[in-house]
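Labels run A, B, C and D following the written order; every chain starts at residue 1.
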Amino acid sequence: MKSDANTISKKMARADENGVAHASKRVTSTEKMLELYSMMLRIRRFEEAALVQYQKQAIGGFCHLYIGQEAVCVGALSCLEKGDKVLTAYRDHGHALAMGLTADSLMAELFGKATGCSKGKGGSMHFFDKEKGMMGGNGIVGSHVPVATGSAFAQKYRNEKKCTLVFFGDGAAQQGAVHEAMNIAGLWRLPVIFIIENNRYGMGTSVERSSAIIELHQRAASYNMAGVTCNGMDVLDVVEKTSAAVSMAKSLNAPTLLEAKTYRYRGHSMSDPEKYRTREEIEGEKKNDPILMLKADLMERGYDAAKLQQIDDDAKAEAAKSVEFSHASPEPELHELETDVYANPWDKSLLPRVEF
Amino acid sequence: MKSDANTISKKMARADENGVAHASKRVTSTEKMLELYSMMLRIRRFEEAALVQYQKQAIGGFCHLYIGQEAVCVGALSCLEKGDKVLTAYRDHGHALAMGLTADSLMAELFGKATGCSKGKGGSMHFFDKEKGMMGGNGIVGSHVPVATGSAFAQKYRNEKKCTLVFFGDGAAQQGAVHEAMNIAGLWRLPVIFIIENNRYGMGTSVERSSAIIELHQRAASYNMAGVTCNGMDVLDVVEKTSAAVSMAKSLNAPTLLEAKTYRYRGHSMSDPEKYRTREEIEGEKKNDPILMLKADLMERGYDAAKLQQIDDDAKAEAAKSVEFSHASPEPELHELETDVYANPWDKSLLPRVEF
Amino acid sequence: MQLIEYREALNQAIAEEMERDDRVFLMGEEVAEYDGAYKVSKGLLQRFGPRRVIDTPISENGFAGIGVGAAMNGLKPVIEMMTWNFSLVAIDQIISNAAKTLYMSGGHFKVPMVIRGPGGAAGKLGAQHSQSLEALYMHIPGLKVVMPATPADAKGLLKTAIRDEDPIIFIESEVLYKFKGEVPEGEHLVPFGKADVVRTGKDVTIVAHSRARHTAMSAVEQLVAAGIEPEVIDPRTLRPFDIETIKASVAKTHRVVIVEEDWYWGGVGAQIAESIYSECFDELDSPIVRVASLDVPMPYASKLEHAVLPNTERVLAAVKKVCYA
Amino acid sequence: MQLIEYREALNQAIAEEMERDDRVFLMGEEVAEYDGAYKVSKGLLQRFGPRRVIDTPISENGFAGIGVGAAMNGLKPVIEMMTWNFSLVAIDQIISNAAKTLYMSGGHFKVPMVIRGPGGAAGKLGAQHSQSLEALYMHIPGLKVVMPATPADAKGLLKTAIRDEDPIIFIESEVLYKFKGEVPEGEHLVPFGKADVVRTGKDVTIVAHSRARHTAMSAVEQLVAAGIEPEVIDPRTLRPFDIETIKASVAKTHRVVIVEEDWYWGGVGAQIAESIYSECFDELDSPIVRVASLDVPMPYASKLEHAVLPNTERVLAAVKKVCYA
């Protein structure tokens, strides 16, 4: 299996005469393509709306936009079924939407409102939903990778035939926690798929400056698992590689390391002067915009431009509505401070006490 | 260089008709062979004496014997020159002797005496000597590997053309710290040689049960460095592979991952029921005893048995003398408690104070 | 009542809870085939099989995180740290994830896990292997910190810990593993946040947890002979902390000594003392005296090690100081 | 005197010490090409080149250990933690190696290194990114813990730290980076273990470090208006700790409030309070009151975050409580 997975070709999208790249041609139903298209657009429009709200200071703290990388989480998470679980880092807006959390609950979380998915206590980096299998949103680079491995451990323990997907960055791949988790997953044969979203930079540090090798999926060989790469700008390629990995995980408890080559169009967080890359580089990569690529594909298949526009309009409307919803939502009550510290809190006669 | 180093054959020692294996035949001067032989025997006899003293309770705490693995440190450290540095884990008696620390100072350290190499404050796991380049003796599995990488960083910073050798176990290879250190060493091209002493077990856990892959040197590919293996029971093979790595480090700042296949004849520490391996396995491995192998080689070269016996007698005498020395040595003075906490201690008027 | 060792009490607790709940499993270095580095898990592999008693690679950060993820996904992990010294490589999982996930997720994900293993100095193990790190964990909201000193408490508190739904820092004492004591037969649970009045007295309150409780008790006979009746209180859990029992005692004795094996500066006793001063200000007749480890890394030589740790003489001196102040 | 930002003061300190001593280098995530995540190292790469100003992978445990090894082998590393929250993945290197090597080696190897970066809450950063972890480090013998609150102290203490030969935990304040203050021109060194009497007064002693010092000062005007003259003392270093200056103050005021941004339970203030109680027992007219963060992980929503942190109102209430007790 390892060699098989390793030899899956790294077919990249090709640019057409207009400079807009096409998603690779695969036999995928138009319906599925439309779903993917819609989800990517919903994420894009959601984050564009969030950006505006950040600039208006309705949102604060860190806010890491996923714009440009949408194909990775949308493609990968489209392969999941109920019972599968997902963890990612702080750049988690897309993953949460793709896992079925509502735009309202996410925007409200960014606003720090009581109606947020984490009751306004988590914030941008900590989107959670138990019912939907969204296990967060983690702000410590690499720290969620063992946690995801533990989720897969539980799935195997119960013999569920489910899997856990964990997304992390090229920068995160250099953390010790990732090494430990991948070794254990490979050793114990856990149904976990490690997806490196290689967007070429961790903050301002390029992969070339953070990793001794730049083809990160090759590290799979150290852990007895398949190492696969995909074009993270081509949602259909992501779907293909992820679904293969998911079925390996579910049928054989075989973990996979899947490296998605992608690109982030925005700064690392909101305050990033971006001196580490050129405007030309960014513009060049915009030609591979995963949304435009899929759109071109759909158009080629003869899909109606007006209907595609409708999808975009709906996405914008959803985002706009989520902003309204969030403005109208209440702040958390002060007593919320005290709840959720413990599942089994202690009597107030004991110390320490939360008094406010 | 990588492929070159990777293809170095893993020639193992072959057993002769008497069941005693030979060291591989290499062109090495008899003088050098005698030095290696003497050093291995000095370590063996030192530890045998330590074991007796432990049983008599003159030594306490943990005491991890290196018996069986002597060829690794003796071979590797024979390749060093002044200015090169060494770090290892808690199984550090051999490395310290091979770095030129005296048996007296080591035995006294085991006894917790003021004349010990670490003034009786370190103990078995913490043998240090600045002058001799012995940077410890570390009790936290994997923790010294980044430290060694930092020593190599300093050597490169000063453009010294020196290198640092760091020894760690097959169990330690699964620690995140090792991954981080090796990635940085490979990325920054640091003159450090990572030597895995693969003795097949970390306490009672075999490599097969702790690592997703069992050929640990293959992990070098994840870090853009040479991955080499050697027969850790054959001191001449260790010398050959280490000296190649040392010259790569010094001339090109190229790190190497060198895996020495070795075996520990004694329990992990003093209280190890050793249920994880059979007596047959141990006896089988004793046929590859690095000391007997080299002895057979020397005899084959016609070296005088009486002289070899003399070397052994000297080693035993040294060990015995170190025990006497240690018995006669004073315990540390109570005021030693307070020294060496800080290089620049503060005034006694400040808190916290050490009052006793 | 059964008279059993502290380690056997822990073993019973784990076995009973594993019997009771299939979601409970034990994971750590050498816990399975080796029966545990300190034999706490003896026989558990044989009894429950490799699905539920699991040897790990030496990857504390990795398997602590696996514990967190398994707990979030419905299991009840018992994670062994071979000793708490090694938790330093795993502390990120404990503080950043275990302690905070319930809160950050707005209540979505509980993290019901127990992290357990021995703490403290055990004799000539040197600076890296002799630490009492409870002050680090006690500081963190989201965690509970439990430190039993007897076989009965070891069993009763560990069973409570495994049934609890929060992340529990369960710090055993390596030196006490072979300590024997009476443990009730049958189901035995000890609640968190209930101090144990080990001995009643009227002249001085001695607060001491884990091994230090025994150090405190070792001074009782001589104190009584000197005409001082000490009341000895073992808080048993450091988070939550039972201040009421101590207040009641101080109202009677007006004098307090705290014995603790961790370092004095920023140690557990600083907080206990501060709480007592603050809640019993008018009751105290003399300043509290703390008997803690000296402010140095642990030296290897026995003579020095003994001087670092709390001992009977230092407890006696402290009590005399507060009583004749 | 120059009027400069706290971050610029730090920058000057690093630059001057690098100029002075070739063994000093700066290493951390984004310290070089990015000029530092908080611009503390602005211009240093340009000035000193990539040999001495070094971007690392995201491997805190790895590069903290590299710092230890480089220090043992003759260099003087300044290691940046992008924030102290991330030091949790590196704490093993700090506690097991940096703090103990000199002792374990019987004096063979000094570890002269500075680990620095911002601590504390900086506004809507959530539970994992808002911690004040000084209590963890303060507890460990072998370390020194420094927390400057002003540009002058930032510069003077950092220069002292870099020249010192021990491992230094240097915790800056993210919120104070943009804070401007007067800094002496030319060579400016501030010694460790010397508290700063920020304001003299006679009615109450307020002890507060780092950002909390400013919270304390924010209450002064209203206190004075209410007829209370507070003496405000910033200890500046938590290890070593200047108890003498505080004793002198308490001998005058007889009342103490401690303001601290870390969690109350087991926080820095517990030890400070315990030391004051113990050394000034007969001087105190009322129990010390601590104003600390509430015992919860930091919530994201501003309203909740503000309720968690010490603020002017809570300082006022605390002072009134100790003064009218």
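Criterion: a contact is a pair of C-beta atoms (placed from the backbone, for glycine too) under 8 Å apart; a residue touches a chain by one contact, two chains touch by 3 or more.
Just so you know, these numbers come straight off a predicted model, no measurement behind them.
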| item | value |
| --- | --- |
| Pair joined by the larger number of C-beta contacts - B-D, B-C | B-D |
| Chain at maximum distance from chain B, centres defined as averaged CA atoms | A |
| Computed distance of Cα centres, chain D from chain C, in Å | 30 |
| Inter-centroid spacing, chain D versus chain B (mean Cα positions, whole Å) | 40 |
| Inter-centroid spacing, chain B versus chain A (mean Cα positions, whole Å) | 45 |
| Intercentroid distance (Cα basis), chain C paired with chain B, Å | 36 |
| Contacts with 2+ other chains: residues of chain B | 118, 120-122, 126, 138-140, 143, 174-177, 180, 183-184, 187, 209-211, 341, 351-352 |
| Chain D residues counted as touching two or more neighbouring chains | 56-57, 59, 61-62, 85, 88-89, 92, 96, 103-104, 126-128, 141-142, 239, 241, 263, 265, 295-297, 299 |
| Interfacial residue positions of chain B with respect to chain A in the complex | 174-180, 182-187, 209-213, 218-219, 221-225 |
| Interfacial residue positions of chain C with respect to chain B in the complex | 29-30, 33-34, 37, 55-59, 61-62, 85-86, 88-89, 123-129, 263-265, 294-297, 299-304, 307-308 |
| Chain D contact footprint on chain A (complex, rising order) | 60-62, 109, 112-113, 118, 120-126, 138-143, 171-172, 174-177, 202-205, 209-211, 275-276, 331-332, 334, 336-338, 341, 351-356 |
| Chain D - residues contacting chain B, complex | 25, 51, 56-57, 59, 61-75, 77, 92-93, 96-97, 101-110, 112, 141-142, 144, 164-166, 192-193, 239-244, 275 |
| Chain D to chain C touching residues, read off their complex | 61, 85, 88-89, 91-92, 95-96, 99-100, 103-104, 126-128, 131, 135-136, 138-142, 239, 241, 262-263, 265-271, 273-274, 277-278, 281, 286-290, 295-297, 299 |
